[in-house]
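In the two complexes below, chain A is the common chain; its partner is chain B in one and chain C in the other.
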Partner chain A sequence: MSARVLPYVLILPVTLFLCLFFLYPFILVSQQAFSNGSELTLDNFREVTSHWKFPISMKNTLLLAAVVVPIQVALALLMATMVSKMGKGRDLVLYIWTIPLGISDLAAGIIWLAIFDQSGFLNSMMHGLGVIDKPLNLLSYQHPGVVFLAIALAEIWRATAIMLVILVAGIGLIPKEYYEAAEVFGASPWKRFLRITLPLLRPSLQTALVLRVILAFEIFAVVAALGGTLFPVLMGETYAYQFDLLNSRAAAAMALIILGISIGFTLIILRVLRVPKGASI
Partner chain B sequence: MTLFSKIAGVASGVALSCTAMAAQADVLFWSTQAKPVEESQAMREQVLAGAGQGVDYQPNDAGPWLTRLNAELQSGSGTIGVLGGLHGDFAAMSPDDLVDLSDLGVSSASETFNTLAMLGTDKMLYIPWMQASYIMAANKEALPYLPEGADIDALTYDQLIEWAANVHEATGEPKFGFPAGPKGLKHRFFQGYLYPSYTNGVVRTFASDDAVVAWEKFRELWEHTNPASTNFSFMQEQLLSGDAWIVFDHTSRLAQAFNDRPDDFVAFPAPAGPAGRGFMPVLAGVAIPRTAPDMEAAKALVKYMLAPETQIATLRATNFFPVVDVALPDDLPPSVQAAGAAVAKMSASPDANPGLLPAGLGDKGGEFNRVFVDAFERIVLARQDIRAVLDDEKGKLAAIMEETGAPCWAPDAPSEGACPVE
Partner chain C sequence: MAEIQIKNVAKIFGAYQALHDINLTIADQEFMVLLGASGCGKSTLLRIIAGLETATTGEVWIGGRRIDHLSPKDRGIAMVFQNYAVFPHLTVFENIGFGLRMQKLPNDEVTRRVEKTATLMHIEQLLKRYSGELSGGQRQRVAVARALAMEPDVILMDEPLSNLDALLRMEMRAELKGVLADSKTTAIYVTHDQVEAMSMADRISVMHQGKIIQAAAPIEVYRNPSAEFVASFIGNPPMNFLPARPAGAGRWTVAGQTFDGPQADRAALQFAIRPEDMQPAEQGLTALAKVVEPLGAHLLVTCEVEGKLFRVILDSDMKVRPGETLTLAPQPDRIRWFDPETTLAVA
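After this line comes the complex of A and B, so read on.
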């Protein structure tokens, strides 16, 4: 087989798979979102965006992403730098840090529910230490801040590892010579991190951010487990349209809105963190 | 591979294909009811074991239930033999997709139920299968705090609020429990209990002045309601844990409390308001989709479900009551006895104001419920102005009624054409 054809043959299975299980359903969903059964219309979008919960769930989703993702970037950078400096035990630490990655998001939500619940670990601990007289109901509509905090914590715990893995791989690719040269010129560790690690990590950071931000807009199970209906998010509303209200068209419209936001942010990240052509390591 | 492992492999392969073939011959009973593991196991072992044919009982949530059913209907060939679901589940389907069961020779003893089962056509599209209702239950520790002169079997909403307030004051904790969780049946309380009791209607009176009073009363009750109620879906759990002492819920969602500790709890009728003691039935039915693989076997199973002995066995398994005339045996589980007595008192009370299930809403049933859930979340949780919320939600309710053209149902006064929101 000629070298010109081979790459296309190799990506053929993946392409077919994506066409069948992504592109085709995507076309069907778009059709549903823009039709009312007979003609093209924007009614479905009008319907979902005019509901009183839409601005709240939009705000919640964006707020959650805005709080969680920067913390995760900082944490993942810190952890990746630590791991890359390690000699012995590096693999062990890396494995332990990536355990949450192997846990489904619903299970992660339930683990944190066991902590924050009225009869959960946090309450029994505080009770045992004598901080409180009786168990507090933390995850209630009266404490929206605590609900938000619990969800943010669960998300940070659960999904930092995916960025960590990508960044560890990226740091491993940075040639040692740069650091040696910087040391010769007397650059402090902080300066080396700012001037060498961060710029050369840009492609990995880009990938990690795109992946993480898209996942942040799709947050669902953790919120469902911890917040129930107290903390509406876009994906939860989509589920409600599909399965509680049996309104597939509205659900399709919601799904496309989430897709639109994801694409928008992906483009922004790609643009801001772009790597000039030929400048890669 | 050794010879032994080869033989073992072949043997297990044969065994697998045998079970696969056996499973194929079973009638698939695809249901939204009896979902908890113990209940579905009881359905299989105690109810369906005597069906005279293999039955594969598979319960699921209403969403996935409908998704699979619709997929089979769209493809034109199916594996589901018999459908089990609530009236609302069937109402959301197209009548053409259900087989006409009028000439099967079985029906409910209640003409109201039989009419509901026609889904607005002149054919029996499902057969009423079992019924339940919503009642109140309380921990016996709460009884000393009943307001003076109050009869637990004839409470009013004012007395209920006072009772909950007394308990709140005495224990320092709000002990009223309300199933306001994501899977809770709160919307039925508003549609079948609060609204009929205060406004003698549901749709017509949605935004009336009486409705404002009803919501004010409910806000008062909420002051003494465990704030964790927004996570409660099956009140039996909170009764047993002691987080709630006085609760409202579906009879089968209270059953475990009575069965586990029959001496600790009492069941009693729902309270009454100025317009009487509003209450509402729950009706489940069995139907056959037009894509059923073996029509005769499916029809035989539907007939079997309506037999008196099966109905009693179903009552034991699911805490849903028979829809046919049958003498109940004396050795029923405590939950059934308690719930049965409470429902009987409720229907026999002089101020009874029985409502019907929403009918004619088609697949808008979910949106109809959402109007009430939204009103609850806005008025009670977000503490928005009652009048403003009702006037806002009223438009959505009116749009649903106009779109579906559903006529009024009790206790609303009958309408010509779509039920108007006044």
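After this line comes the complex of A and C, so read on.
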């Protein structure tokens, strides 16, 4: 077989797979989102964006991402740096830190519900310590801050490890000689982190951030478990359109809006963290 | 003034002793080469001086100041790494200026020094490039420029030329020597290439299994090796050895011939001679030619003398065939003697 044809033959199975399971459903969803049954229209988008809950759920989703993702980046960087400095016990620590990865997001939400619930650990502890005299319903409309905090904590606990794993692998790729050179030429540990680790980690940071930000816009189960309807998010609204209001065209439009936001942020991340030509390790 | 003193330095990694009681003084502006086979502890010693490794025991002094407890940046040193360690995410300019930026020098001073050293290393036209856009030789120049830009008291180099091809290595060798002599820094240069060592060094420290066997000027190391190891390590091909028996009154019998030797009261000595220090003659050692290699400038003949491997370098006009018997007369003033028990030279 000629060398010109062979590459295409080799990617054919993947292409078919992607077309069948990604492109085709995507086209179906788009069709639904842009039609009212007979003709092409933007009505579905108008409908979902003019709903009073849309701005709130948009704001909540973005706010959550804006709070959770930076904290996760910082934590994952810190943890990855610690892990890569460890000799013995490194693998054990890494395994323990990545346990939350194996827990589904709904289960994670329920674990944190067990902490913040009226009869949960937090209430019993505060009660036992005498801080409060009767258990409080923390996850209620009277405590929007606590609801937000609980969701953010659950998300950080649950999904930092995915970044950690990517960053640990990325740090492992940076040759030790760069750190030694930086040290000899006068860079303190903090400067070495800023001037060597961070810039050389750009490709891994890119991957980790894209993955995390997309997941952050898709947040659903944790919010459902902890906030219910108190804290509307885009994905929750999509679900409501599809299964409560049985309006699959509106749900499809919501799905495309979320996709659009994800693509937008992905492009920004790729652009901001790009590595100039000739400057990779 | 940056004289370096290494006092009783030893290094133990777990159960492995990489360095044994190293003592060495390197004069101000001297070019010292650490030469030895792979794994003998050259890099370890260099890294202890740099502060990238801590000595298990012993002290390091630079310019009359004890520095082994200081961090690398406070030691007045700069280093050129084996794989250059040119930062890939910084331009050549920022690489050369890295140390200066860390010292928080003003911008115009950084620019001045970067441009000066870049010109010195002939890379002034590459300042805007990234290391991925450079050849190995250019990267090497950047690494040297980065070290020189610091205007250090001491410059440490760990096999800086080992990744270059032979021709470039020869070119860089001469250039580096010139640049370092002009910069008036004290230099320690690690290599396992004896030609590099001989051609660049003011003094060579020959290392073996974590010890410095001999530290002396290149020609001294070559002519008067202090131990059998040095004699068999330096020179290509190395020195020939033959067992010698006392023949009384400072005379020694070697392969049936007697030679003047040391007045030593020993049952046996090793007779040693360099391959190029012999001439075919009427009288001398009887050698059976085994392999003849014409190398252009001369003829390398591998022989056997009393069953022992023996190499001789002859004039390229000589006609020698394998199986022939040669009679070789060693140049008397070039014969060296070693004690087979201590392996040290005997005068």
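By our rule, the second predicted complex is superposed on the first by the 268 of 281 C-alpha atoms of A that agree within 3 Å, B and C clash if a C-alpha of one lies under 4 Å from a C-alpha of the other, contacts with A are read in each partner's own complex, and residues count from 1 in each chain.
Keep in mind that, in the parts below, a residue touches a chain if its C-beta (ideal position, glycine included) is under 8 Å from a C-beta of that chain, and two chains touch if they have at least 3 such contacts.
Values in this document were obtained by computation on a predicted structure and should not be read as measured data.
Partners chain B and chain C fit side by side in the overlay (superposition on chain A). Of the two partner chains placed around the shared chain by superposition, neither chain B nor chain C is touched by A:Leu153.
In the superposition on chain A, A:Leu136 makes contact with neither chain B nor chain C. Once the two structures are overlaid on chain A, chain A sits at the apex of an angle of 160° toward chain B and chain C, using CA centres and rounding to a multiple of 10.
In the superposed model, A:Asn247 makes contact with chain B only, not with chain C. Of the two partner chains, chain C is the only one that A:Val275 touches; chain B does not reach it. By the touch criterion stated above, A:Leu230 is placed in contact with chain B alone, chain C being left untouched. Once the two complexes are laid over each other on the shared chain, residue contacts for A:Leu62 go to neither chain B nor chain C. By the touch criterion defined above, A:Val93 lies against neither chain B nor chain C after alignment on the C-alpha atoms of chain A.
Closest approach of chain B to chain C, taken over C-alpha atoms in the A-based superposition, is 49 Å.
Touched by chain B in one complex and by chain C in the other is not one residue of chain A. By the touch criterion stated above, chain A contacts chain C in their complex at residues 175, 177-178, 180-187, 191, 195-196, 199-200, 202, 275-281.
The part of chain C that touches chain A in the complex is made up of residues 50-52, 71-73, 77-79, 81-83, 85, 87-90, 98-99, 102-103, 129-133, 146, 150. Interface residues of chain A facing chain B in the complex, by the touch rule stated above, are 52-53, 118-119, 134, 137, 139-142, 224, 228-230, 242-247. On chain B, the positions that touch chain A within their shared complex are 61-64, 66, 92, 173, 181-182, 226-228, 230-231, 241, 243, 363, 365-367, 369-370, 374, 377-378, 381, 392.
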